[in-house]
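Each of the next two complexes has subunit A plus one other chain: subunit B in the first, subunit C in the second.
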Partner chain A sequence: MSWLNAMIDRLRYRSVPPPEDRSRMRAVANNLVLHLHPTRVPAPALRFSRTWGLGGISALLSVLLIATGVLLMFRYDASIERAYPAVQAMETVIPFGSLLRGIHHWAGNLLMITVVLHMVRVFASGGFRGERRMNWVVGLGMLVLVLTFNFTGYLLPWDQLAFWAITVGTGLLIYVPLVGQAISDFLLGGPEVAQSALRNFYALHVALLPVVLIFGLSYHFWRVRKDGGVTIPPQSEQVTKLTTIPHLVTAELGVALITLAGLVIFAMAVPAPLEALANAAHPPNPAKAAWYFLGVQELLMHMHPLAALSLAASGLLGLAVLPLWDRDTSDEGVYFRSQTGRRAGMIGAALAIVLTPLLVLVDELWLDLPTLLAPISTLISNGLLPLLLTLGGLAGIYAGLRGALRARHSEALVGLFSFVMVALVVLTAVGIWFRGPNMALVWPF
Partner chain B sequence: MAKNTPQPKKDAPAGTTVSRRDFLALGAGALGLVGLLQTGGMALQFLAPRRVDGEFGGVVSAGPAESFPPGSVTEFPDGRFFLARAADGGFLAVSRRCTHLGCAVSWHAADEQFACPCHGSHFDLIGDVQNPPAPRALDTYPITVRDGALLVDTAQAQQRDSFAPEQLVYV
Partner chain C sequence: MRRYLGAGFVALLVMIIALGVYGSREGQRMALAQESLRDNAVGDAAAIYVEYCATCHGAAGEGIGTTPPLNSDGLRGMDYDTLFKTIARGRYGTAMVGWHTDEGGMLNDYQIDQLVAMVRYVDWPQVRELAAQRGLIPATLAAPAVGQSQLDVIAALGPEGSAWSAGFTTFAENCTVCHGVSGDGSSLGVPLNTPELRAKDATTLARTITEGVPGTMMAPWGKTLSPDEIASVVAFLQHWDEIQAAGVALVAPVPVQIDLGDAQAVLNLGERLFTSTCTACHGEGGSGGIGPAINSQQFLSRKDDAAITQTIIAGGKRPGSAMPAFGDRLTSVEIDSIVTYIRSLQATAPNVANPRGTQQGGGGPPWMRATATPDPSGATDPQSSTGTGGPPPWASGGK
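The block that comes next holds the complex of A and B.
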């Protein structure tokens, strides 16, 4: 009945751990990888629904991407003559080449999703306030880093998909006033996607970005510990603290194994795509950016590029200043702040699901602002006007939630956040599945 | 007060409050900043894009003017441009790069227009937009005439909102 003894011990020693726990704690403190963990964790923080394991999965995927990426480097050649044949060889003759490439490809895409979900979780549980505000900003930086990783990696196979997605993606950059063209030229090493671009992207992808990733992640984890661990609601009674071994480590191991198994099975079933060799004279129709940029590309179909970019920039800026914007710590750790906050979130999501497709359809089929307001410059009729209308709509949603629901500031922000995120998902889905040749709206089924 | 808080020293000239220690710290900081800017500048120059003569970005020789009938469009794939000759005989070197997001347009002789397959923009022979989302006419490259032959400088594309007659070059 040793487990019974252990339990009694645990009840008896709330603050002073029993001897066998001490040795487990020392094991954590003395191991480099385990050292990222605290030696003991409050029991409520161990509930799966506290984190959904999303940060852990993202970390695992990052490690996996480094391991598979380093292997790929031994078979890859960053030259426009040899890159495509090298990747082709991986797909056909190199043992396990296709599997390795598949794992790297799908892990990169999955990481995009888990990092965003991780951010949504942290937002929902209010983990960005107080001393955690620095780590929120670091986390946002990691999200941008993962985007950059995926963007630079996308070019490397040098097939049609790669070439035109990067051409269109950097084409977007050129619309940034004053510096856009210079930034694009600098990144591409010239006016168009060619050998310099491939070499630059490769150096970024396998050298600079991984270094930033490793330092960034280490700092991110270290801050989680410094800031008192995972956000949990204030506890009425004193919380039990459980040792990291076995309570946290077994949970992490379980999630890691399930993720790995799922990913490997998926990569075996669905190989990474590889289209025809890049051809600078013949773009495919339609030419789409990588899927995680299709939300922004969809915005571009409806407003002047400057307006679409401003909107995306405002979103990012809003996220960056969130810790200053919402400083109300009274509901810390409670998902969606409160019952009212939860309702605000649902309303925001429902509005986005109805309004976004409706607006896309109306703008595509009936409304033609530039012709309607003909003498006015399109920069205003197709740029400033839609931008102000969108921002006005967002302000309206916030005000509506404050008024109709009597929501507090931080509860209304839940509604706003949920609207923006769901709208982004809807726009991305429209871009992925509902845009056909000439980017016309199509019904995919 | 902490022991090592710098105090104004006797040797500081009357009327200033900067101690020697502060001055040195400030100087070291400024030097560090200059050094940082310098390394940053060096890195930027090291990484800056470079153009190679003879390739795209250099001067492309298009040949004698007589070989292009009025109302024709000829593609120069290596120069990434089309040489368009308007009905009145004027020449225009039209960039292949779509002004929307940079895909390559192609010339459809039957419809007398440039079409971009990516998002459906159309342009006429002189590069004017006929169908959005392209926001402005196709870029052009400067043409010079030497001994009746046309030279197209592809170093820098010229942006324009729409076509104007003075953009045409006559031999």
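The block that comes next holds the complex of A and C.
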């Protein structure tokens, strides 16, 4: 195979023999994009299972979204009279318009998944402590940014799906105490989803958010490098360092090409959905939010909106203060901290898979707290009580893992994190597939 | 690391090939997408048309009274802007008002676009069918129903009663759209059921109807109505208070939106249509008459749904059968609902001594059987005749 290698080298470099490591490193240092990488990387950090390529795939999707988004802007018109016909035109008379829209749509949805997985990976390998804690918070901010991107983009086609998902979504905002109404009014530019809402969402989606994304992403990359790169477990022997070219760059290019090809082919096979023109007089039944909010919407079925939002907010807050909550850097880079941590994670996941559907069923079919505790205000019986019960349950899981497994603090946190994430996935799945007309539980198969 | 690159380039190759294949089919895909979009638009527009436009332009675009027909090739070839503006802004000096929300109408750009697409591409006889498939059943359209009993009451009011009743019918068919069923007027036409109007002499009224009122939507009806008809309308208008006092009133028809997924709603529609369309020959509740007794075990156990549907669409297949073909008067949705209703009778249907109708050779006196092609209008109650002459077919759907 050496002749093949020689041929590829011949293609890549104008002259043989291939350049020395020193000049390869200089190429990285002197290149604007490649400069985000260090010139050399520790060999263990190059293993695919250290990152699963999730950060890189998310970055690629962001670039792809900007490129396709700019192209879509040439034919889109953010007016409620013309937005929908413009999207129809993309689907019918603009060559490759349907494909472009499909790539943009699916890349946006895939990005939502990859950034969450990226966060899970960083949590699992303990990459949020010590020097990296600032970048963890920046990354969390980027996750919220991606969520906002998806939310604002969802309205733009101005079809029934868009209109009602945003109506439901912004309806939730009103329950945020003190500022909820003001934020909703600011976003919508009025009391309901109408022309000014479309214009605002478009401005956010194509102007403000991309700027934040580009600066945020650059800062995130830069911090990754400055904070010491990908976390690796403590090594017993001296770590060999390999040059970025070709070792890191070829892997990145390969993963990028595979992702790109997969996404484009998927978009060819499954075009982006487009329902009937938005009609404020005919709500679909059930009216659901976008899929990534269905976990929260499912919580709303079981408790007062204020309680559901508090729960979501405390989850986000918990993630944000995680670097302060867990400062034990001794097991840095070891997936799930240790064998005990791995077991705690598995127990947390198993509990979530069993308990969440069970609680959904019990609350839906049998337990009716507001009626049971009739004299008490529903704010307490349906709000405070379920909230405290849930938080108490989470504390119970933590305490149980500490006691029964003799888990250390950071290991028990793995169990808690895994419970919360799996419960969120289960709730989202219930919201997507098991809620039928009037949001009643249905069996979809 | 090289295997990543290798796999990446394989993926790139696959993507390029896929793009090539996709690109070569893009023209075909766009053509198909356009066609399905147009079909959708025409279907949506048909429902809008039945709701808002058919009262004046007719259920199949044939035009009613002085309203121009829409089913012409000239209109089909007209450019987009002209059609859009006409619908959006109306036409000055005619009954065509502006329908765009900006002009005080109730349609938006998108809906008017769809109407334009319909005017240019639709196969007009299909309009009712398309609307029915969206659940909008034009069971009664345009003209309010006029019952024979009402005409009898009016005719009995005075020596000229028959002229009044003729005027009553003509008014119901041509004038109610603008002037309202009770003569209260509307945004389109002045009130007519007033003492001031009755105080005017017949010549003035007849001239106004014949020549119209320039600058208003009142069209010159002399082109459409005969002088006799106009005179009868005048006679009716002058005695409307007496007719009203006798308890005769018109009821405004409304297109009915039903949920086609709701079995009970479909059954109700079927019952309503059966009562208005079929009972004249098949008897009250299908008990039999000129036609066979539908509500009998003998009939229902022998005929399956397909056979009943076929007979309704194409008419009776026995030679000399009086059963007319309803295929071009009722939409498939309406026919299905009638069949559903008929089938629902089976559970309670009695055994009938003489299930075959008088026209089937089974019963009745021999001289009835001998009639090869009976005159349905003579044999049946004209009040519930199904469009046998006289008013256009859309006016005969329901009572």
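In the analysis below, the second predicted complex is superposed on the first by the 426 of 445 C-alpha atoms of A that agree within 3 Å, B and C clash if a C-alpha of one lies under 4 Å from a C-alpha of the other, contacts with A are read in each partner's own complex, and residues count from 1 in each chain.
What we mean here is this: a contact is a pair of C-beta atoms (placed from the backbone, for glycine too) under 8 Å apart; a residue touches a chain by one contact, two chains touch by 3 or more.
Everything quoted here is computed from the prediction, not taken from an experiment.
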item: Touched partner set for A:M25, first subunit B, second subunit C, both or neither; value: neither
item: Touched partner set for A:L36, first subunit B, second subunit C, both or neither; value: neither
item: Partner chain(s) touched by A:F96 [first = subunit B, second = subunit C, both, neither]; value: second
item: First, second, both or neither for A:W164, with subunit B first and subunit C second; value: first
item: Partner chain in contact with A:I265 - subunit B first, subunit C second, else both or neither; value: second
item: Partner chain(s) touched by A:M134 [first = subunit B, second = subunit C, both, neither]; value: neither
item: Partner chain in contact with A:V425 - subunit B first, subunit C second, else both or neither; value: neither
item: Partner chain(s) touched by A:T250 [first = subunit B, second = subunit C, both, neither]; value: second
item: Subunit A positions touched by subunit B in one structure and by subunit C in the second; value: none
item: Parts of subunit C lying in touch with subunit A, wherever the complex brings them together; value: 1-9, 11-12, 14-15, 18-19, 22-23, 26-27, 29-30, 33-34, 37, 108-110, 113
item: Subunit A - residues contacting subunit B, complex; value: 164, 167-168, 170-172, 174, 185-186, 188-192, 196, 280-287, 300-301, 304-305, 378, 438-440
item: Subunit C contact footprint on subunit A (complex, rising order); value: 5, 8, 46, 81-82, 84-85, 88, 91-93, 95-96, 98-99, 246-248, 250-251, 253-258, 260-262, 264-265, 268, 277
item: Of subunit B, residues touching subunit A in the complex; value: 47-51, 56-57, 77, 80, 96-97, 100-104, 106, 116-120, 133, 135, 157
